[in-house]
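Every chain is named by a letter (A, B, C and D) in the order it is written, and numbering of its residues begins at 1.
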Amino acid sequence: MFQAQDPNFESRVRESFARQQLMQTLGATLTLVEPGVVEIELPYRSELTQQHGFLHAGVIASVLDSACGYAAFSLMPADAEVLSVEFKINLLAPARGDRLLARAEVKRAGRTATVCTADAYTLEGAQRKAVATMLGTMMSVRGRSDIAR
Amino acid sequence: MFQAQDPNFESRVRESFARQQLMQTLGATLTLVEPGVVEIELPYRSELTQQHGFLHAGVIASVLDSACGYAAFSLMPADAEVLSVEFKINLLAPARGDRLLARAEVKRAGRTATVCTADAYTLEGAQRKAVATMLGTMMSVRGRSDIAR
Amino acid sequence: MFQAQDPNFESRVRESFARQQLMQTLGATLTLVEPGVVEIELPYRSELTQQHGFLHAGVIASVLDSACGYAAFSLMPADAEVLSVEFKINLLAPARGDRLLARAEVKRAGRTATVCTADAYTLEGAQRKAVATMLGTMMSVRGRSDIAR
Amino acid sequence: MFQAQDPNFESRVRESFARQQLMQTLGATLTLVEPGVVEIELPYRSELTQQHGFLHAGVIASVLDSACGYAAFSLMPADAEVLSVEFKINLLAPARGDRLLARAEVKRAGRTATVCTADAYTLEGAQRKAVATMLGTMMSVRGRSDIAR
């Protein structure tokens, strides 16, 4: 559906993801990178839970946000950087299971702002359950000086 | 402004927060608990960053969400549990500094749904900079069976 | 995909929509009612515009919100009423054209809260352009006394 | 708190508001314009209601969105135009009363994106009740060609 501007989009996404130290801290891995679509998986760990033993909403938001950011980034020119502007998440069900799958897709890619949707599922054996959904805005910036403004 | 229904609200909030393993994993501590108001602080650590070395939006969302949840929880009856229904976050500036301060306040406490706003600031010496703002809905549930619905 | 609990869901939706005086004021009509899916159309009129002659974001939000509310309502029991709890809208492109089409779908139907997504398109001859997307929460209430609390 | 860049900000806001035909259709008036702060009032009319006789959420969103847009616009340079990027609204209570008051304030004014918060109240005699709250992003664009992008 979408066409990447930069033929090296996948390696660019993978390199940037590898620099997100939080993803390593959480134990998340990038499992799919296509133009405008990114999937991230996260094994369940008790270190990431809220008070009832489910994955904390902030963990789910972290993974969905990174998935949205890289789905947007995959369509950006080679010299662009990506930043989250805002997102909204709805929690649909408690998140427990072997692992969490987050899948983000670009809804509209603009010159500076890109709108993404993303869904999170828990996977338990052959079972897949929707646990959260996100709608957010990612921004393309050129160069590091723009980021810190 | 708000009156707690449960005189033991503070210990109830502190005990529940202590069970949120994610907060320990992130290194966050509860620094203020008043009826309808909660503050959480988080020292900056590179393990929590995104690709440019700033705190990941998901980390900020995690701390703001917990602050909102416990601000709502502080006003709930003694036998209630709290769950996040949804939240929206706007990132205002890159988050770097000695530590992050998240402050949540209840906007409207309903029988089942409580609406909260929260702000995140980075603190660096005497400098305080607003880096994010949240608007979200927290839900009161009775008993563990309701949670896993 | 969804099964209606109330076999008379369509007439129940149509009767309630007919009582939404705002929909008449805007000139909106209900064009599709299926279990968990509702479409509303609105002809472009200059009375509904913002300062540049495009449909005002609030008009688009009004139609998307009603579509979400009735998509949720179509799955509720016969004695339920529906209220909007919250929604978020992203504007994707300026809205001009012959008419606006809003399509809402239920994402998760819960006992009290139902999460919906909705998209708005402008239609101009054979052209269809996405102009906005919504993610929101609708609530089921029983009886009028619950509504006014 | 905020300083307007354009000394003629108030007349610029008032002229743009006068071109929003929807505001006239709804019967809304601009009651306060200060740097970064705007208030709009709307008398209750049954033509603007949902199925239970309360103001439709979309009407409240329309007025809050215009208030946010003009609060942002008041701080922009003289040659800028304003567009809504996205907003989220939480409905706090059914909206009935003599009139609705929407008050928006800029939270952070950026070069292109401005984040605003806004609250809506119903006024009935001396009574004031909070009925909704909004968090949204407004964008500054230069010239009409940018708008129709």
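A few points about this structure:
The rule we apply is simple: a residue touches a chain if its C-beta (ideal position, glycine included) is under 8 Å from a C-beta of that chain, and two chains touch if they have at least 3 such contacts.
Computed from a predicted structure; not experimentally measured.
Of the two chain pairs shown, B-C and C-D, the one joined by more C-beta contacts is C-D. A centroid comparison over C-alpha atoms places C as the chain most distant from chain B.
The distance from the centre of chain B to the centre of chain C, each centre being the mean of the chain's C-alpha atoms, comes to 32 Å. Mean C-alpha position of chain A lies 28 Å from that of chain C. As a whole-number value, the distance joining the C-alpha centres of chain C and chain D reads 22 Å.
Residues of chain B in contact with at least two other chains: 85-86, 88, 90, 115, 137, 149. Per the touch definition, chain B reaches chain D in the complex via residues 88, 90, 92-93, 107-108, 115, 117, 130, 133, 135, 137. Residues 85-86, 88, 110-113, 115, 137, 139, 149 of chain C are the ones that touch chain B when the two sit in their complex. Those residues of chain C that touch chain D in the shared complex are 16-17, 19-22, 24-25, 46-52, 54, 56-59, 61-63, 65-66, 81, 83-91, 93-94, 144, 147-148.
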